[in-house]
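Each of the next two complexes has chain A plus one more chain, namely chain B in the first and chain C in the second.
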Partner chain A sequence: MSQNLQKGTDDTILHTSLERYQRRRLYWTLMITASSLGLVFSIVFAIMFGSAGPFGPASTRIFSIFDVLREIGKNIIRPLLEFLNIPISGSTDISKVIIWDIRLPRVIMGAFAGMALAVAGTVMQALFRNPMADPYIIGLASGASVGASIAIVAGGSLFFLAGYTLPIFAFGGALITITIVYYISNIRGTISVDTLLLSGITVGSFMTAITSFLTYISGEHLRPIVFWLMGGLSLVEGDWDSVLIAAMVIIPSCFLCLLLSRPLNLLLLGEESAQFRGLDVQKLRQLLLVLATLMTAISVAFTGVIGFVGLIIPHLVRLITGPDHRILLPVSALSGASFLILADVVAKTIIYPTELPVGIITAFCGAPFFLYLLRKYKKTGY
Partner chain B sequence: MRYRSFNYILILTFTISLSITIVKANIEDENKLISLANASYPLTLTDGYGRNVTFTEEPQQIVSIAPSTTEVIYAVGAGDKVIAVDFSSNFPNETASLPKVSNFPAIDLEALLVLNPDLVFGAGITSNDDVTAMENQGIQVFILAPFTLEDVFDDIVKVGQITNHTTEATLLKNSLRTRLDSVLLNASSFTYQPKIYLEFASDPLYTFGKGTYGHDLIELAGAINIAENATGLYPQVDHEFIIINNPDIIFYTKGSWTTTNTSSITARVGWEAISAVKNGMIFPINEDWVSRGGPRIIDGLEAIHSKVQDEVKSKTLSTSTTLSTSNTTTMTISPSTKDIVTFHMFDIMGIIPVLAVIIFRRVHS
Partner chain C sequence: MEIKVEKVSFQYEDVKILDSITFNAGPGQIIGIIGPNGSGKTTLLRCIAGILKVDQGSIHINDKEITQYKRKELARILSVVPQISSFTAGFTVFETVLMGRYPHLGVYQRESETDYQIVNSALERVGITHLVNRDVSELSGGEKQLVTIALGLAQDPKILCLDEPTLHLDINMQYKIMELCKEVCHTKQIGVILVLHDLALAAQYCDSLIILKNGQIRVLGSPDDVINVESILDAYGVKVIVGRDASTGLKYIIPDLQSEAESRSVN
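Here is the complex of A and B:
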């Protein structure tokens, strides 16, 4: 800018900033298009994996790539066909059930969970102005784990909640923990970030102690609890309802966060600077906490504690897009979704037919790759 | 498999005289052993960890720190010498009134010192460190760590020898072996091997893999475990794997903590396509029968075998009436598909769009 000023004419300034604006718009459009395409590609790619093929063991392979695509296409336009009274042909029961009812919910849940974790991670990093922040930083995962462990250990005695015992307990545990943390750090109507962080870590440790206790005494329940603590998408196989419930929370929350991307940018300047620029920091902080908590809690409730996505995806994307939340948030959301979907494919197939918790894969593949990018592209501090 | 290959020829040769032979053998063993029964101390035996343990006299106070060893001790008739068991021991019912020490997999050394037993029976879950710790305190330890049914039989005899119940132990072993042999003989006559899915836990689905009793019992019973190629002792599998492998029989373990039942399995999405579900071949099985290396493992074998037998019979009948019901699915296979490829490739693909942008930015800056 100073150079432009030295050049003198208003015309040049106007011209240059307009050019920069146009160029930025082009970049942003490109980035969003690319990451959307990446997500679509990931979903289609992930749906091809399974015991029935086309990518899978030769002995039980019965689908070709086209079978899968046809099945998906047919089910997408099914309501339309039914409305027009056109009979649906060529769809065997087994292909519909396996591709549409078993594989797809898992993939779509992966997309929503990855999206929620990445967006919540971005928001938390801005909120705390701390590169170590992730969606679980104020004890959400520990709280959800306590709820889930109780549900697993209590087992059949909680029959009144039917199939949703575990998600409801996990969600409840997460919300209760965050509420406690919030009230502890709420001093005369204002929340200080430092108090929030400290009380979050402390309450989290307390909750972890309870989970550890439950895990230690769990005996035969150990496997389900350990699986849940590492996170996995296999719990939603054949369960579209869970996916819909998660979507109803995650999509609006992500959308609201996107609308708040300008205030988020201001928040990066620091609390006082943001206040001077006319931002109600307290209100914004509350709103963002609620949104991030809600979407993380709902995804944790259905998938368990999937680590790493919420921490690394925002950093990874920030390396490419820069810190402006208007582009950082949508690209994070889309990349987080793709990343989790692909990690789940690996978890499901790497030692087929045994499945791994996806949390192992997200950390194992993601960490080295992130370090590589960090060394290569990071030129300044956080 | 290993049992069958060994026993096949033997058993088939003596099919007709089988029952007579067994009765004879029993009587002979009995006669031989009664003469030996009281003259066995000092006695040196090798335990499940390959340690040589010497017994100078009959142990009078025994503690068992694993449910499987508790069952063996009681089965050979030495239950009256047991003064304490671990928290997981729940069979036979007499154990309910005994003091409970040591919660699997940890031991309670202090409680053991207070009880001051002559002998502690441990299992493969007892760590080497714990064995050393007990021995350092002067407690004699004997480990039973059976891997096969043969090992279980051997362990029964060893426990009998140690506790001076050799006769009972040998009789028990012979009767178990007879039951095993009759299952093997019957299984050898099967015209086909049904596929079995043995569920250990739901949400997520866990089953029995190679190296577990559950897997061995399925094979001995004349059937195939659909998870035989899975990695890990208790592998987690997905719904699609079960559906596409189409088991003929589904067993689910029934224990104190499980909530699975037949109707909850039938209600799972997509499982109605599985022939076990179609034909109502879903059965509970006592968890302890298929997971403890004790005498009740033969109960587990017989339970599985009887359902396998039903399945084979019904299939033989139905194929004789309608020959065209072959279940093999032969659909078009796309030419380009390979088996599971190297997966680190795919992981990188996720960031292809991201890399594209990096390159784009570099070019234009």
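Here is the complex of A and C:
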């Protein structure tokens, strides 16, 4: 009799927990919708900000919010209209140039870079099971900096690389560094996380020494190097091609990381336990390292070293969504994108007309806010 | 499903951990592995689970060598419950145990009604339904141990290996877990391999026992044959009294401190 009663309560508890689990999908949809809307809002807001936009002084105001929406809409459906052979009213006016040709590439690059850094940061934190981990943890930024410094100090552009000399050198520097770190920590086919971390930090310091040396002897190139090291989106202003190149790497990498969210969750059980559940931890680790490296490297190549986004966004989002990567990753991606766009707006305007490197803003705004949240909400460790 | 371990040797660098281990385990049978600390018990489980590659010998499951299995494929038939799992704050017990379904799910596949049922019955068997909505990181050591066992059961394996499942548990829970192993073993006709430290539990619940020492099998046989004064002295280097409880007929093993002291004084 009492056993039946016990069985009944058990069933009820299990039923409610299952319902709760399934209802979570609804919350997840809401969170993703909200952060997507946030991203759209950030994009539109960032384009409007500036002397020609609706917030600017009356004398220089050229376009309104409707112009922004119309220009974006028109340019998105343009290929479709052209394909269908429907004539488009000429739009070579000044607002089109400012919105579509100059400002939007910068904003979109901000979105992709923020997305890449946030996703790579989340992945690294799971991979190293370490809350201090960020996309640069195994020396990527230092490697990219060496490449970039060489390109800047050498001056001008190598003829066949043309305008892409700097990004290609930075990207190359990052990949070479990570490859070295990877091979040092690869012992008989297995990579231990601790070795990876240590060799990453060591190789990183070595690369930083080279960068410091180059900076020291750079003379008149000092300013561009320092600016690049602090990261900024001004390099890609009005450059759709760079945005396209970055997108081709970042979108597929992010997408693949999203597909790996369940294995990432399993990794949180600990390496051995994950292996007992049928996860090939070594393979997963290699794949994630490659993906995180590629997307971080490409974004660093075009924007310089933007710090802090990849560290705090995953933590901030984790406070809201919890540690399940199936929701943590997409919301981090979208929030990282919004955060960097908004930080860039601040960087452009705070001491107008001079522009600050966005890396200063991400750290300056991000750090205190993060500390506040940490004190207020974080009950448990990682 | 049968598992055949044949002449398995394993070494770290130049230290031999396992030396020519041979035994079989079949469905509906509980095999206990006992032996002193550092005798290679956990390493043996890791080899069986395929996460350590054996240096010599072979391990077959269903006449297929385990190196021929993909990790996920192997995890569908063989589950190992480790001594320690680290749990991350933010996951409920239900969500954690659901992760045990990983090897059965495709990359895009969502959990189905069957998965939920298997998880629920694993939770019920282990007796932690009242904990399902709790955060795993907030549980006590014993409760975490139970979650780990439920996680292993949720994998719905044909061979279940448990590494000291009674660690951290009180006497009541120890017996519940051993009863659970027995029940799962018989009702589901799966093979169970247990690493144990408690000799009385091992004698009571296992169908056959293996004593490991320095990576070698010292004795293999039924608990009655294996648990005796000589074999325990040989394996652990301690004199014990092996007795039988008059009313239940169950074996008990207690250290024979008096004769230890005497033999020491003679020497």
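Going forward, the second predicted complex is superposed on the first by the 352 of 382 C-alpha atoms of A that agree within 3 Å, B and C clash if a C-alpha of one lies under 4 Å from a C-alpha of the other, contacts with A are read in each partner's own complex, and residues count from 1 in each chain.
One rule holds in what follows: a residue touches a chain if its C-beta (ideal position, glycine included) is under 8 Å from a C-beta of that chain, and two chains touch if they have at least 3 such contacts.
Keep in mind that what you see is a predicted model, and the values were worked out from it rather than measured.
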Could you tell me if A:268 is touching chain B, chain C, both of them or neither one (first, second, both, neither)? second
Which of chain B and chain C A:223 touches, first, second, both or neither: first
Just to be sure I read the superposition right, which of the two partners does A:119 touch: chain B = first, chain C = second, or both, or neither? neither
May I ask you to decide whether A:175 touches chain B, chain C, both, or neither, giving the answer as first, second, both or neither? neither
Is A:280 contacted by the first partner chain B, the second partner chain C, both or neither? second
Which of the two partners, first being chain B and second being chain C, lies in contact with A:38: first, second, both, or neither? first
In the superposed model, does chain B or chain C contact more residues of chain A? B
Considering only touches as defined above, state whether A:13 meets chain B (first), chain C (second), both or neither. second
Based on the A-chain superposition described above, do chain B and chain C contact any of the same residues on chain A, and if so which? none
Complex interface listing, chain B residues touching chain A: 88, 104, 201, 203-206, 209, 227, 229-232, 234-241, 243-245, 255, 257-259, 268-270, 273, 329, 331-334, 336-341, 343-344, 346-354, 356-358, 360-361, 364
Name, in rising order, each residue of chain A that touches chain B in their complex. 23, 27, 30-31, 34-35, 37-38, 41-42, 45, 50-58, 60-67, 93-94, 97-98, 101-103, 155-156, 159, 166, 219-221, 223-224, 227, 232, 234-235, 237-239, 316-317, 320, 335, 338-339, 341-343, 345-346, 348-356, 365, 369, 377
Listed in rising order, chain C residues that touch chain A in their complex are 46, 49, 51, 71-76, 79-82, 84-92, 94-96, 98-100, 102-103, 105, 107-108, 116, 120, 123-124, 129-130, 132-133, 137, 148, 151-152, 155
Chain C touches which residues of chain A in the complex? 10, 13-14, 16-18, 20-21, 259, 262-263, 265-266, 268-270, 272-273, 275-280, 318, 322-324, 379-382
